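Here chain A shows up in two complexes: once beside chain B, once beside chain C.
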Partner chain A sequence: MAEEAPAPAELAKVDYRPPARDWREPAVDFRRGTYCYGAAPKNLQYLGLPNPRPWQPHDADWKLPPDWKQTILAGMKDRLERFRSFRLFMDICVRCGACADKCHFYLGTGDPKNMPVLRAELMRSVYRRYFTLPGRLLGRLGGGRELTEDVLKEWFYYYHQCTECRRCSVFCPFGIDTAEVTMMGRELLTLVGCNINWILEPAANCYRTGNHLGIQPHAFKDSVDFAVDELEEMTGIRVEAPINKKGAEILYVIPSAETFGTPHYYTLLGTLLLFHAIGLDYTLSAYASEGGNFGLFTSHEVMKRLNAKIYAEARRLGVKWILGGECGHMWRVVHQYMDTMNGPADFLEEPVSPVTGTRFAQARSTKMVHICEFTADLIREGKLRVDPRRNDHWVATFHDSCNPARAMGLLEEPRFVLRSVCQRFHEMPESTIRERTFCCGSGSGLGTDENFEMRMRGGFPRANAVRHVRDRFGVNLVACICAIDKATLPPLLEYWVPGMNVAGVHELVGNALVVEGEKARTQDLRGQPLASPEAPAGA
Partner chain B sequence: MTLPAGARAAGGPGLGALAARRSAIAGRWLALTLESYPAPTARLLARESDPFRNPVGHTLRQALSGLAEELIGTMDPGRVTALLDSVVRVRAVQAMSAGEAVGFVFLARQALREELGSGGGLPAADGLGVLEARVDEMALSAFDLFMRCREQIHAIRAGEARGRTALLDRIREREGRSGGGPAGMDRGASP
Partner chain C sequence: MSALAPLALVLLLAGLALGAAQIAGLRPVLGVLLPYAAFVTFLLGVCHRILVWVRAPVPFRIPTTCGQQRSLPWITPSRIENPSSTAGVVARMALEVCLFRSLLRGSRAELREGPRLVYADDRLLWLAALAFHWSLLLVVLRHLRFFLEPVPAAIRALAALDGFFQLGAPGLYATDVVLVAALGYLLWRRLANPQLRYLSLSADYFALYLLLGLAASGLLMRHVVRADVLAVKQLALGLVTLSPTVPEGVGSLALLHLLLLSTLAAYFPFSKLMHMGGIFLSPTRNLANTSRAHRHVNPWNAPVATHSYEEWEDEFRDKIRAAGLPLEKG
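Moving on, here comes the complex of A and B:
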């Protein structure tokens, strides 16, 4: 007998509720737009990493090595013994939930596995199963999970939905740094060749030529020369931008994007003008031509290798100390890991500003000073002449980039600089700035276009706060001090807050800087007309 | 999208009396919409009222409240579009099919029936017909907006890939010019 056709009313019943699922079920749906592509074999080979082969996360077969499970478990054991913090973070979480709603990815995706506590639990459950007595004896009842291929794929998916921004750790009463759990997850995945290309290609390029795009020394010089030429056109001043100058007092390290990307490039123009104005004896390096360190997103070993070039160049060039530009995670590496990885940098001197005589005691160990610390000191000591009216076409807010803000506590200096060079400045809501700043959603190597939807989800909390200050104060510019922000905030805001601009702090410094011998400024460093163009000198 | 005859008539038959029920209708609509999220997330989205601690929940609450007002009010096209856009823009990038992303609009029918039925204040047949036509109109607008968001995503993605090394292209362009000065920047008139 034929089945009875359902009544129209039955057909119209649509259940919009997602099926209830046990979080321990690991299967992941790799939907395009929400994950990053696998690393090309050539990049693994270049860095000497295991299991190079063509593969993609959406493939059913990830071509794992036959002994992948033993490799992961042995890697976990090794790291539990080497890094006390890792074992501590595996053991001490009491699941209080304080971190749960602090993650921008959880707020934007609504996926419970993006609660930091649950994301870490994806690994803790495996830790319990293989490294604790209750887990070994009782399995699931003891809170353990078998390590299967699906679990490995789940790790890949969710440990690349964490930008290692550390906002959750601000709220953890035990001080668990969930970003370090993600870092361990990515390290373990690296052991079996499950990396993403957008991280490994820049890392491999950096290892070869010193910067993410693989720009060779002559091309790096071309870019800097181009900036010098354009700056002369705009200001009438020809600055010097020395590269590989031995015996210079200071090595200046920038994110390489300042030489090839916008709006980063305008920050380079601003700093070149600043160094000219104060007569700084500095040099760029064509090899330490990148502050960014995608090793941080790969493994401790790769991070150490990439960080070493900065200090090797400082030694080779014979500088006294290092000045670092508007880079994000470079500062986390320098501030939190450099000293025990490649330090102490005892061949350098404790940094002292040649202009103000200020001793940067906070950089006594790393010998590396942030450009915002340096410029804030210049302004505070009255060594810069600035005309903030030149930024009157901007109504600015400041996005605290995660790493300078949370990893090194650089909160007030960029604000002091901004308020000095820009008359119209408004803060975003307190719960979204300083230590509690929301990530751009694209940090830690996730800022690639194939991951676009996930970035829009993760960046929504930040964009939401930007929209608030746009609607309330007419803000039209987000200033920030991270190259990844400068690359990824523009598309994020184009989607969520159309019409918003993004700039580096030192772009605004360059706009406002009054330099001896310059011609009347009618445009800012990006060539936009000033709100009040200046009359030519002598007019 | 054309509106069914009579649907846009301000405060159609019996609708004026619904103004007092707006908040209950919006609340029910929100509760039904939140069921499309996993349970722990739905609890957070419903509970936390701070717009910055709960941007998605706040967006949904504000928008559905406004849309409920429009449903039983004047259906102002500008306001309806802006409110729908705020929700669809979020759901267009979340892990949902197109149907799931815009399906929240149809839940307004259920919310209306449940709220008005339980209160005994169901308007005359004409009134309910007008309301349902308005829900349909919103649903079609939501689908248009969803498509616009998806097209925008692809356009931004493509632009991002092209723009990443725009400066290098300019430098190459300058080097390729014979005897010329620096290539012009994208900055309007030269200084």
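Moving on, here comes the complex of A and C:
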């Protein structure tokens, strides 16, 4: 797919002039490279979702159920009554345009329907037509628009051209979060079976096996064992990585990609080494083998179904509390939804670090702590011996993943960890980090190959900032704490900023960690030579 | 088109008002009936809209966090941009409502050769919005002197301060100047910026034209076609004391002004102008980011089917056993 995509110089010629055609006349061109394929019927069937059938977005006939329009309108009514956010965001936008050029998809495509305000207007116009007095009376003059099949197609196209990153909501004077509108749009599309496969397949797999790729328990165990072996080869240390161990103190939930994907895998190596170094009593779970949750990109109900296993497994194993790995959208779910959906977690204890005694009061109800909070505390309390020189071959920057940044505020913890384990660190420009961070362009389940051109467009603002720090400070590594980033930043940066590397924060921790009994390190966890190999016995 | 139709509508309204003001029988319609009807519509409409919002639950705690969370004691949290206490939320909301904090983040992105995206601060919208809303508030407060007798000292002081820069007689109010300038900018911006023009609806222009019409007729009455202030005050007092009359001296311009105001009031609850009430209810701004510390309850927490551990074990029993992982049921 990548070969078919236009060259970067071509893509960068973005025309921001709006077309002559009125936006209220729906018009979608399903052009190769700019949309994701429809969900295979087996995935809908497995999850018991409506209207499973073979179909593709570029087909003229979407094989919608005969009563699709009533279904959508009834679904809208229902959600308007259940979500204050939805109703309010339909009502109070003043179309001031403050959000317009804040969306990476708009910046990368110039398509006005990618301005958050218009993305939401695609839904609002229908809302006004069927649910407000002026729209019902005056129709188009009242800002209304008939719901037609073309409008539905437009929803599909543009609600899968939004990564639910919430950047727009930072700039809106009313905090209107277009991600919330996109979430409703996708829920409504789900009601008539218009899902994309890249979301529904991981969701179905996750429901069945516990993780996105459908890795079954024995294979999960194999991957973890493999990691343990590799780690021994590299460091001379044999760590323990228990799975489904009852009575462990802590359940550690990771994004499953860490067991098979690169560079995710190096993050797993780093954390396994860290847990060994501090003697943590923990367990992984082959049932709760995925913290990521593609239900978030489908509907609140599917999200809840996929998330339920985490508390269920914590209860079954009898752990005291839960630790969560480096995954962005998993933390959106854990932080903002899990306790409400599947709590109360009153069978767990308020998390306390067994090493430092620090109480994680911020997680006293949900009982789940972010690995960066955990490690930052360890470093601050002097419980880790680290030699940051072992990361001297890296000049790092940090990419804030959307969800931890804008749906949690986890900004300083990963930075503190990074600065402690890595001597050369440079921030990207202020307007592109922290709460104003730019999405990788492939979040919320859009990271598929057939969508390559759109991903490169959406990721352009992020890549642009990376290039800036590469040119200025010689940055050669983008550190991040998100599994989707680790999968999609490499091709993005390869496209716009060739030669750049991507790593998890805990990979760098693992590099720098000085562990008792280890052999002299000559390589990092990737097997690359260190800048200055050390004499035997560590630092 | 979106910009012209509402202009025609406002002009038509103005023409109708001027015409009707000449017909004795219609003066009470303009001066009494329509204002009362509009006022009732406004009140009931606004209450209804707010009730609809309030009745819809906030199922999840979804604040947009714009700063560091409260976590470890040695990391300074962003107490306002990412509040974890009620005080923090109140401060955040106060900054949003009074100073338009989020608009202040305004910036403009520009694609240059390279390709290179550059971002420049752009506070003009923030400035214009702030100038418009604050001057409108002051103008409304100043108008209270028509509706109250005796005029409270505070209102009198406000008017005096507002008219401090004595330009001609009667003095030009500073707020009037700012109001018109800000409205003018907001309209110009909508028309001149291609993206904004593309997305603007008739409703967006209609509100602007109404407000501009109100300001224009007010300024005309004060500075050009001098209105009989005493008669206007009598009309206003009559309306609030529920003994309405339309005195002889009330000119057609005053009746036009009143009709535009009535239109605005009656239109308000059906329009985006409801953002005035909505801003207070926005769940991305008015909730503390304490989702992990305090349980947030969803009243309709949807019952769903899940895939339990037991089902999972049943499905993969052989493989779990072969891998040497523990089983619940041998």
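In this section, the second predicted complex is superposed on the first by the 517 of 539 C-alpha atoms of A that agree within 3 Å, B and C clash if a C-alpha of one lies under 4 Å from a C-alpha of the other, contacts with A are read in each partner's own complex, and residues count from 1 in each chain.
Simple rule for what comes next: a contact is a pair of C-beta atoms (placed from the backbone, for glycine too) under 8 Å apart; a residue touches a chain by one contact, two chains touch by 3 or more.
In this text, all values refer to a predicted model and were calculated from it rather than measured experimentally.
When both complexes are superposed on chain A, chain B and chain C end up clashing with one another. Of the two partner chains placed around the shared chain by superposition, chain C is the only one that A:R305 touches, whereas chain B remains out of contact. In the superposition on chain A, A:Q523 contacts chain B only, with no contact to chain C.
In the superposed model, A:K246 makes contact with chain C only, not with chain B.
Legend: residue contacts after superposition of the two complexes on their common chain; A:P461 is shown touching both chain B and chain C. Partner contacting the larger number of chain A residues, of chain B and chain C: C.
By the touch criterion defined above, A:M341 lies against chain C but remains apart from chain B after alignment on the C-alpha atoms of chain A. Touch criterion met: A:P112 reaches chain B and chain C at once. Using the contact criterion defined above for the overlaid structures, shared-chain residue A:D61 touches neither chain B nor chain C, since it reaches no partner. In the superposition on chain A, contact is made by A:D101 with both chain B and chain C. The clashing stretch of chain B relative to chain C, chosen from 58-66, 76-84, 94-102 or 148-156, is 58-66 in the chain A superposition.
Residues common to the contacts of chain A with chain B and with chain C across the two structures: 14, 16-18, 100-101, 107, 112, 115, 222, 429, 431-432, 460-461, 464.
Across the complex, chain A is touched by residues 32, 35-41, 44-45, 48, 50-56, 59, 89-90, 93-95, 100, 103-104, 107, 149, 152-153, 156-157, 159-161, 163-168, 170-171, 174-175, 182, 185-188, 190-191 of chain B.
Within the complex formed with chain C, the residues of chain A that make contact are 9, 12, 14, 16-18, 23, 48, 80-88, 91-98, 100-102, 107, 112, 115, 117-118, 121, 132-134, 141-143, 166, 169-177, 180, 207-210, 216-218, 221-222, 243-246, 286-287, 300-301, 304-305, 308-309, 312-313, 316, 334-337, 339-341, 343-344, 358, 360-366, 368, 373, 376-377, 380, 405-413, 416, 429, 431-432, 434-436, 460-461, 464.
For chain C in complex with chain A, the residues that touch the partner chain are 5, 49, 52-62, 64-72, 74-78, 81-82, 84, 96, 100, 102-103, 105-109, 111, 114-117, 119, 125, 129, 193-204, 270-272, 274-275, 278-279, 281-285, 289-298, 300-302, 304-309, 312-313, 315-316, 319-320, 322-326, 328. Note for the complex: chain A touches chain B at residues 14, 16-18, 20-21, 29, 31, 33-34, 100-101, 106-112, 115, 213, 222-223, 226, 229-230, 233-234, 259-262, 265, 429, 431-432, 449, 452-453, 456-457, 460-461, 464-465, 468, 487, 491, 494-496, 522-523, 526-529.
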